[in-house]
Structures are given as C-alpha cells and as structure tokens.
Amino acid sequence: MDYLYDLNTFLPATIMAAAGLVAILMAAYKARIGNIFNFTIVALVMALAVSIRDLFGPDGTAFFDMIAYGGTAAFGAFLVTLGTLFCVVISRDYLEAIDHHYREVYAMILFGSTGMVGLAVSNDLIMLFLGVETMSICLYVLAGLIKGEKIGAESALKYVLLGAFSTGFLLYGIALIYGATGATSYAVVAGAAEATPLFLAGTALLLVGFFFKISAVPFHMWTPDVYQGTPTTLTAYFATASKAASFIALVLVLSRMIPEIEGVELTQLLQVIAILTMIVGNLIALVQDNVKRMLAYSSIAHAGYILVGLAAGTPEGYTGVLYYLFAYTIMNIGAFGVIAYYERNHALDFTDVHNYAGLGYKFPVMGVLLSVFLFSLIGIPPFVGFLGKYYVFAAAVNAGLVTLAVIGVLASAASVFYYLRVMVYLYFREPHKEYQLVRPGALFKYSLILLGILTLWYGIEPIFPTDSLIELISTYY
Amino acid sequence: MVEIDWYLALSAILFTIGALGVLIRRNAVVVLMCIELMLNAVNISLVSFASYHGDITGQILVFFSLSVAAAEAVVGLAIIIAIFRNNLSVDITRINLLRW
Amino acid sequence: MDLSTALVCLIIGLPLAGFFINGVLGLISSSYRENKPLIGTIANVAVFAPFLIALYLFFNHSADASAVVVTLFTWIDVGTLTVDIAYRIDQLSLLMVLVVTGVGAFIHLYSIGYMGHDPGYWKFFAYLNLFIFAMLNLVMGNNLLLLFLGWEGVGLCSYLLIGFWYKDMAKSDAAKKAFIYNRVGDFAFLIGMFMVFQTVGSLDFDVILGNLEAFSSEYLFWIGLLFFIGATGKSAQIPLFVWLPDAMAGPTSVSALIHAATMVTSGIYLITRLSEMYVLSPEVMLIVSVIGGLTAIVAATIALTQNDIKRVLAYSTVSQLGYMFLALGAGGFTAAMFHVVTHAFFKACLFLGSGSVIHTMEHVGEKLKKEGKEVDFDPQDIRFMGGLRKSMPSTYKTFLIATIAIAGIPPLAGFFSKDEILMHAFSAGLGEYAGSLYMILWGVGIATAFLTAFYMFRLTFSTFHGKFKLPEKVKEASGAESHLHESPVSMTLPLWVLAVASVIGGFMGIPNFVVETFTGQTANINLLHPWLDTIAADYPIVMGKAVEWLLMGLAVAIAAGAVWIAWKMYGEGRVEESDAVVTAKTGVFYKVWQEKYNFDEFYEALVVRPVVRFSDRVLAVFDMKVVDGFVNAVGGTVRLFGSLIRYVQSGVISSYALYLVIGVILVMAMMLS
Amino acid sequence: MATYAFVLLAVLAIATALGIVLNKNTVNSVLLLVLNLLSVAGLYLLLQAQFLAIIQVVIYAGAIMVLFLFVIMLLNVDDEESLFDKFRIRYLLAFLLVVVVFGQILYSLGGVAEMLPEISPEMAQVGTVEAVSEVMYTNYLIPFEMTAILLTAAVVGALLIAQFKIKKDEEDE
C-alpha cells in the first residue's frame, strides 16, 4: 500500500492533529494567545479547504480498510471541520470575556476534532472506538473549562463518569460483534454475520454507545447539565461537531455493516427511540428558563428528528440525515454564537430568558440573526431547518413510517412555543433596566452574518459552490 | 480444557458487578474504579474471543482499550481533583447544582 | 426567458425587493429611516407595479385558457419528491393576485398618511411589502408546499404587524395569540399535505387534481377535513376564530389589508383551489357549511353588542368569512370567491374609514392635551363619537357606501355576492344529501343578513349621525368639536377608490337569470362564472327563475327592513339609549352576545381551570406560570408534563446511570426479541 | 490443570470485584482492584495472550492504580457511609436492573461454545510481542497514531483541568 496516498485521504484529520501538536508547543513556550488562535484558524481553514476538495473526490477505503474516504465519510469530515472552524472563530472573544481563555483550549479542540473526523470516517470498529474516545476525552476536558466554579467541574464530572460508563457498553458491543464474526472491519462483519443472539446483542450495545453520544432518550440525561456548565461557544462545539461526527459514523455503521444481514431489523428500535427523543426533548424544553438548557433540550429533540431519517433506513433517509446535520450545524452554531455574544455582557445574566427583554433592539443585527436561527430551528420555511425536516420526514413517509412522521411534525409543532418565547422577550418586552451592550468584534460579527446568510441560502435554493447540495449529498447514497 | 462460555460468563459477571457499583456507590473515585472494572471485564471477553477465533484483532483491540482506560482514568481523576477543590467533597449525590 | 416568466418574476420579486431595500437600509442607516417620502415611494411602487402587471396579464388571459406554469427553479429534489419554485397563472390565481395587489396598493397609499408620524415607519412598510410577497406566494404557488410557504409567511407577517406597537403588552399578547392559533391550523394542514403526498407522490396541483381517483374515500374525508381545519385557523372560523378580534390591536391599515381583505380569505382560496377534491366528499362539504353558518351568525350577534369601532368590523369580518364558508360547503365556490372580492372592497373601505375616524379622534385627544385639559377617552369607542359627517364628509360618504354594500342593498357589490351565496344554500337545501340541514343553513344566512344590515347601520349612524358626544360625556372636552377635521388626501383617495369599487364591483357577477327573464334568451352577462368555470366545481343551481326572483326579493326586503329599523333606532346617533332598547327586547340573549358566547371563558373553564386546579392541589410545588386563554392552557398542559418529566432530571449521576441502564435493557430487549 | 487455574482466578476476580463495590474503605477498594487486575492478567496467560498479560500488570495494575491511590491519598476523603447502614430502595432497583442486563447478555451468549469449541492452536504464536507489534505498525497504524493523539490530549487535558490556577495571560517573554 501507498502510505502517502492513504494519508492524502485522511488529510483533514492529519492537518488538525499536527496543528494540535504545534499548538501545544506554542502553549508550552508561552506564545501570545492571539497567535495560537490565529494559527488554529489558519490550520482549520486549510483543513476545510482540503475537506471540500475531498467532497468531490473518489471514494474507497484506506489504511487496510481502517478508514473510508469520499462520499458520506468525506461529508462527515467536512461537517466536523466546518463546525469546528466556526466554533473556534466565535470562541475567542467569548472565552476572553468570561475569563477562561487558556492557551491549551485550542489544542484540545484540534485534538477533539481529529478524533471526530476519525470517528466520522471510520470503516472499522477499532477505528470507531478510538475516534469516539479521542473525541470524548477532549470534550470531557472542555466541559470542565469554567474552572474555579462549581458548575464547571460538575458538568465535567457528569460527562466523564457517564461517558466512560457508556464506553463500557460500547466496547462490550464491539466485543460481542467481534466474537460473533471474528472481525471488526465493517465489510467483513457484514459478510460473516448472521442474526444470532450474540450478534444482535452486540449491535444493541453498540447502538447504546451511539445513542449516548447523540443524546437520544433515555441516554440523554447528561446533555442539559453538561451543556449548561460548559462555556457557550464550546457547547456549540459539543452540540454540532461531535453530534455530526457521531451521526455520520452511525449512518456508516447502519448502511455498511448491518443491512446485508438477514433477520436484523432495526427500524422498530430506531422508531421507538426517535419518538421518545422527540417527545421528551420538546416537552422538557418547554419549561426551561435557561436559554442554554433550552437549547440543550432542543438539541435532544433535533437528534430525534434525525433519528426519523435513520429509521427510514433508505438512501433517501440517509440523504435527509446528512442534509439535516448540515442544516443543524450552521443554525445551531449561529444560535449559540448570538447567545455567547449576549453573555459577554456582564450587565445581566444572559442565560436567563427573562433578561432578554427588549434585547432585540439593542444591537439589531444580533437580534435579527438570533431570530433567523430560531426560525430555522423551528423549521419554518424558507430557512434551512425546514428543508432538513422536510427531507427526513418525507423519507419516513416514503418508507411507510407515516405515524412516525406525523409524531415528528406534531413534536416539532410543540417546539414553536419555546423558540417563540425567546423572540417574544427579544422584541415584545420592556427591558428591566438600562445597560449598554459591547460591540461584537468584526470577525465574530461577520462569521455570524455568514451563518445567517447560509441558513437562508440553503433554505431557498441549495446551490452548493458548484451543484445543488442535496444532489451532491444524494450521490453519496 | 475450559470452554469459552466460562470466560464469557465470567466477563459478564464482572461487567455486571462493575455496573452495579456505578449505580450504587457515591464516591466519585470508586465509581471511576468500577468503570475501570467494567472495561476490564470486556477485555476478558475480547481476549477469549481472540483466542478461540485464533485471530489477533481482539488482542489489538484490548491493547487500545487499555490505553483508553488509562486516558479516561487520568482525565477522570483530574476532574475529580477539580471538583474536590470546589466542593470539598466527592460525593456524587451532593453534586447536583445542574439539574431540571 | 419568455415574457410571462419575466412578468411573474416582477410580480413576485418587486415586493420582496421593496422589503429588502426598506428593511436593510432602514436597519443600517438612521438617516434613511428619516427619509419618509423615499421609503413610502419605494414601498408603494413595489405594490402598484405588480398590480399593473397583473392587470396586463388579466386582460391577456382568456377565460378558457389553460394555466400557465412558470418554473423558476427546483427547490427540493429528494427521492420521488420534486418541488419546484413554480408559479401558476390561471383564472383563480389572477383573480386573487388582482385583489391582493389592488387592494394592497391602495392600502399602502393610505398608510403613508396614516403611519406618517410613527417612528417605525420604515419597518412598517418593510413588513407590509413582505406580507404582499408572502401572500402572492400563497395564491400563485403551483404546489401545496409553496402555498404553505406563503401560508406561514403571511402568518409571520401578521404576527409582526399585530405586535407592531410592541411596547403595549396587550398588543404583543394579541400577536402571540394570533400566531399560535394559526399554528394549530397549520399542523392540520401539514398532516393533510403528508397524506396527499403519500397517495399521489406529488404536491403539484395539476397532479393532485388529475389523480383524484387515487384517493380512497376515507382519505378524501380526512384530507378535506384537515385542510379545512387549517383554513379555520387562518380564516378565523369556529373554533379558532377568537384571535381575529384581538388582532385589531395592530395598526388599522394592517387590519384592513390582512385581517379583512387578503390573509383571512386564504382558507377560502385553498378550498376553492381544491374544489374538485372537496365535492367528492359531501360529509366534509356539510361540515364546512355548518361551521361557516354557525360562525356567521355567532359573530354577527356579537358584533351587535360591541362598542369598539374596529371590533365591530372585526366580528363583521368573521361573520362574512363564515358566509363564504357556508357558500363553499353548499357548492358555491364561485359565489364564495365572488364574495371574497366584493368583501375585500367594502371591508377594506370600512376599515380604512374607521382608521380615518380613529386618526381624527386621536388628534382631538392630542389637541386637548396640548390645551392642558386632562381628558381620558378611548378613541375607538363609538359612544364618544357621533355627528362626524359634517367635519369628515369624504370619510362619511365612503363609509356609508361601503355600509350599504355590505348590508346587501341592490345594486351595490355586496348584494349580488350575498344573494348568490344564499341561492346556493337554498339550492343545496333542495338536494338529496342533508337537504333539511342546508335549508336550516339558508335560514341562518337570511338571519345573518338581517343582523349584518342592522349592526352595520348602527355603527354608521352612531359614528356619523346625531351630535358629537365627546363634549357631553367628558366634561373637560368642551370645544373638542373644533378639532375635528378630515383626513389628508392620501387617506381619502384610497377610500374613494374602494368606495367606487364597492358600488360597481358587483356587476361582474350579475346573475344571468336577471337578464334572461326580461329578454327570454340565454344571457351571458355574468363574467365570473365563465371565468372560474375550469377551476371551481360548483353545484348546479336547481331552481326555477321565479324562485330565484322570490329569493332575491326576500333578501332585499330583509336587508331594507333591517336598515329601516336601524334608522328608526339609531338614526339620531343615540347609541346607548337604543342599545338599551335592544337589550330589553332580546333579554338574556343580549347578555350572551355581549359576553361573546363565553368562548374565551369556555376554553378557560374546559381546559385552563382544571389544569390550574390540578397543578394547584397536586403539584403546587411546581413553578407554574400563569395560564391565560386556550393557547396558554395547551401550553400549560404541556408544561405540566414537561415539569413532571423534568423531575427525572434530578442532577444526580447515579440516577442518570440508572436510566441509562434502563435504556440498555430496552434496546437489548427490542433487539433480541 | 488449566481448569483449576481458571476456577481459582475466576473466584478471585469475582470476589475482589464484589469487594470493590461493597467495601466502605476507598483505599481497600483500590488494592482489591489491583488484585482483580492481576487475576485477569492470569486469565490472559491462560488464553495465551502473553503480551497483554504483561502490559496489564505493568501499566494497568502498576501505573494507573498508583495514580488512583495517589489521588485518594491526596483528597483523603472517606465520607461515604456504609452501604448496609440503611436500606435504600434504589439499591434494590439497581440490583434488579443489572441482573436483567446480565440475563440478557447471558441469553445472547448461548450457542457460542458450539461455534468456538476450543482455543485456536495457532494462538501460541499469535499472542507474542513480535506478532502484536507486526500488525500494530501495519494494519493498525492509524488507530495506533490515534491512540498517540488520545494520550497526548489526555495528559494536556488533565493538566489543564487539575492545575489550580493557570496564569492566563502572563506577560510575553
């Protein structure tokens, strides 16, 4: 085999890993923190460029079938890189403002994203396991970034204990699948497997591991607590990049490892989990006053919608899932970004929705942007969130899962209440006291505006740089 | 000659005991140890599968899982130290500021 | 790009461009915000130009021409589903486009004067343009999804515009109420859309209406019902109508445009568009009719008792919309569309006239304040008005014309459309399916016609006749009449245009039998029926000419009688004394009407209070927010569940792990079974 | 012979595992975990995985457990009351739940013995250091490198989290 060729297929992760190592050295030698930030941005832009190149490249497997490239895998790498880049961009001012801007943060993010890309492109259970763990270790650390305050350490502790606990199940699942088939490579497993109890139990436990990472109900309990205790911009990172990676890996597992085997029927399971996730996520989100917690529950609900597409199990459904992940990434980072901007102002506690009264008029661009992102999260046309929902629900209907789609529509209907509540406070309530907002930095502001434009752009006519995005994605299946 | 069932059953028993420990112990350090116990139990399954398959993949995976367990232990313990600094306690039932 | 594509792009694109120009420039430049003439010009051009283009298209489209579909690009393409951004020019959509842009254009013109002193001038016009854009998507979209896009869009704009004066708490609550009630209907719409897609695999109107045999009768019933529920939300029918009167909190020109002329008629448009599907399910048709008839009479009786000038008009709108649904259900799709058009003319005129009155009353209030007199009165309350005809001649004349039109006095517009609706109800009453019910509905229609004429003249007389009552009622307001004045030309010009339209608008729909009786030959004087012939699947009218004449005469007599009674009672502008007489005559009913049939209270008693009581007693510990109105009650119920589930989230890691293990058991069990 | 060794090691492993969970004293728990890990290392030998047995002892039982012990000594907390002081319904529920999971896993293991009747004869050669290292640097190169990143991240992360107060913005030198 040609290592260089293989390395080329894994280039985004390689760039990020190398950049992470350099970032650590820079931190060790006390480089100016702004330089580390700039360096990280440059590295991520390079990685993004490479990953966009890979979107149009061939597909296959590399490194002795350890990883896949091209197609869905390339899309996963692209999504992770995109999400990481925007999260890093919005992080600097925010971490500075909350006084937790450490040099090592950027290295941790880069390492975490390396793991995510590894996870998203994995073609072997071993690679999957290591990708998940590399990602998780970094996330555990980032969850505890608010040092010296109780909530910071608490969220990290919850995350690490429950995460490691779920790792146990994930690893057990891999072990049982390995026992049943004598292999870990997806293709070989698919060829050797039969629907024995051993294999089924292994698949079940593997799925448990996934369900934890994508915070599906009832494996979701850590999500709101961890999201609340984590610095907001990194919460965005948790909610988008890591979720996208996990979902893409799940798509690969479901489409490459499971379907060849007779007697393994996942639709019903995925349906039940999807229904639970949509209902519970939306219901609890309704009663939240903390905006971050509200978004955490909403992200649980969104995981439910994505599971609808997975339950459909058709190429159409997987296409919908990929599109939804893209939509979800841009609109969610946007929403968290605006909230992070508000939080930079210490005049009030801007995680409490009551303090958003009249805020939409303070710095109109930010208010409008937040509204755009929230409308998109509701799934109102013509924003990208609507198309995402449309694709997954339509796929479910076409696969005969009408009930599931109807429940999905109803559940997303309920979500109007809590998203709208934020907007009502933004525009229709009088502020309690007078205060001034800080001006957002140029990079911060323009990247959020860019996300807002993307949210609208891909909701109206999804033209990717060269081709319709959905057409491009559908070629991956 | 010990049949593979026995190894697997032992692995399941140890896994279950570890899980039980996670569910009922309140000391965060002990919970972490119980998780190590669970990972370790899975390793037994992996090694026995590898031996009975005559295939090295399982052993490689155990090697990786040991590394992961080590990494998790390191980070977990660091976080426990951090939480002890803030709360002066590692009792997980008292660490519930974030809820609802 | 051929001509029709270019013209459609202009029709759709200009309002959108107007929205962007005013919205973006207004947002970033404070000097632009002050440049009111420019803002108003841009916004008006963005609506007048599409109106002219639509007129051009209208005259170049013959009644039997097939639909022109202009596809701009493919919006969604996944699996078997392809949805284009495609607009449809056919007889029905052209009619609606003319109404939307025509009435919309004059209301834009009116707003220049009406909103002249508002600091949010730029924002207001940006929203109005956006509304026109969304409404055009609704009526021109070639598929259900694009229609739905417009459907959501107009809901959003209505929300923004009702809550325009957001500083007022009641107004923002009204906005929320409207938005959420509309959403309730929207879900039904969405589910119906899914069912349609499941059956025919497409959302294009041509495909749906071309494959009607693919639908089972259950599906026809459910789809029809679901779309109708969607329509009850948007078009303010029982049981979802309570948002519309509250929506009067917005600026008056908004009420005229959105809540009288255009958005609220989109439910009627939807059902007419799918009329071929609806006629296949007589059960749904009956439901539509019954709901429409009920809404018509309920709202009319409530309107009788209101003293807020805009609320009377709001309930009148609800009532007239009910009339239209009555027509739809009786198979009179063309009649319903006819009434949509005429109603747009006279109701917009009435609303704008009321805006003119309110404008003046507010002006009086301000002047008195300047003179240092402490006065406090509601500028929308007719009990403070009266005698305005002397100082506001144009407003008075146009308001009177529109009132005559809505009352159904020939030969003004309302007479013909209303008459045709009643004719259809009567004709359906002679039919086999549920004939007696339709006959009762016809009776309800007649009664409503009486009430309509009565309360509308009550309103007109109380406002414009008699003496100006503000100085009598409020001691400090002496000399207030000197401050009364007519509104500026930019406001009265639209009034006159709409008044003229209310006079002549009915002639497009003169029934053929009128001419046939005299000439003895087959006449073709009615323009609307041949125009909509290819789209509206009307039931035929099964009556002799004599019966038709009789019915017409009866309707005229009823209306004239109502006007006469109203003149006797209210002609001197003595509103309160005469109301007392009505109260005495109707006794307990009046109370019921005044309380608006206790709809809000009914929702409160049925849903809100049990929930509150339950949460008070059983779950007193929970932080239950105050629940208000039906919507919040639904929210409350859901919140209650949310609170319950929330308790699971205890914050303790061991519990989380426990649930995780339960999840493991669940997943394992499902896999191994 | 192998059977006796297995029984001995298995009993030891289960006993120590129970000890960890039920013991009140945290230090004892760590020591019991060390024993448990050692007995598992013995099982690896029985399964002819010599390399793993060695790293289990050296890294796991040696290094990581020392870390645990170190942290426990550092924190010096033992505030947990004994499990048996007070009966809690939670404990019963937890016990029942894990028993169900155990049952499900056991159910899934039925039929494995027929599928994999005995230790593969070539295993003696496969489990050696050379064999492991050979595939590690070819087939499993990428996971191996990923592990390197993982461990680096873990070390940096642990420093970041556990340091009392990182001086954030030291003057640039």
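Per-chain residue numbering starts at 1, and chain names A, B, C and D are given in the order in which the chains are listed.
Quick note on the criterion: a residue touches a chain if its C-beta (ideal position, glycine included) is under 8 Å from a C-beta of that chain, and two chains touch if they have at least 3 such contacts.
Note that this is a predicted model, so its numbers are computed, not measured.
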Worksheet item: Hey, which pair has more contacts between C-betas, A-B or B-D?
Response: B-D
Response to the item:
argmin over chains of |mean CA - global mean CA| returns A
Discussion item. Taking the mean of the CA coordinates per chain, how far is chain A from chain B in Å?
Written reply: 26
Item to complete: For chain B and chain D, let me know how many angstrom lie between their CA-based centres, rounded off.
Response: 6
Worksheet item: Measuring from the mean C-alpha position of chain A to the mean C-alpha position of chain C, what distance in angstrom results?
Response: 42
Response to the item:
Chain centres from averaged Cα atoms put chain C and chain D apart, in whole Å, by 69
Fill in: Residues within chain D bordering two or more other chains
90, 94, 97-98, 101, 104-105, 107-109, 112, 116, 140, 143, 147, 150, 153-154, 157-159, 161
Discussion item. Among all residues of chain C, which ones touch two or more of the remaining chains?
Written reply: 646, 649, 651, 653-654, 657-658, 661-662, 664, 668, 672
Item to complete: List, in ascending order, every residue of chain B touching at least 2 other chains.
Response: 8, 15, 18-19, 22-26, 31-32, 49-50, 53, 55, 60, 64, 68, 71-72, 75, 79-80, 82, 85, 92, 95-100
Worksheet entry | Chain-level touch network, classified as line, ring, star, complete or other | complete
Worksheet, complete the sentence: As the complex stands, chain D meets chain C at residues 90, 93-94, 97-98, 100-101, 104, 107-108
Discussion item. Applying the document's contact rule, which stretches of chain D touch chain A when the two form their complex?
Written reply: 104-105, 107-112, 116, 138-143, 145-147, 149-150, 152-154, 156-161, 165-166, 168-170, 172-173
Discussion item. Touching residues of chain D toward chain B in the complex: what are they?
Written reply: 2-3, 6, 10, 13-14, 17-18, 20-21, 26, 29-30, 33, 36-37, 40, 43-44, 46-49, 51-52, 55-56, 59-60, 63-64, 67-68, 71-72, 74-75, 77, 79-80, 83, 90-91, 94-95, 97-99, 101-102, 105-106, 109, 112-113, 116-123, 126-127, 131-132, 135-136, 140, 143, 147, 150-151, 153-155, 157-159, 161-162, 164
Fill in: Touch list for chain C against partner chain B, complex
646-647, 649-654, 657-658, 661
Worksheet entry | Residues on chain A engaged by chain C in the complex (per definition of touch) | 157-158, 161-162, 165-166, 169, 197, 200-201, 203-205, 207-208, 211-212, 217-219, 221-222, 224-225, 268-269, 272-273, 280, 283-287, 314-316, 319-320, 364-365, 368, 380-382, 387, 390-391, 393-395, 397-398, 402, 405-406, 409-410, 413-414, 416-417, 420, 424, 427-430, 460-461, 468, 470-471, 474
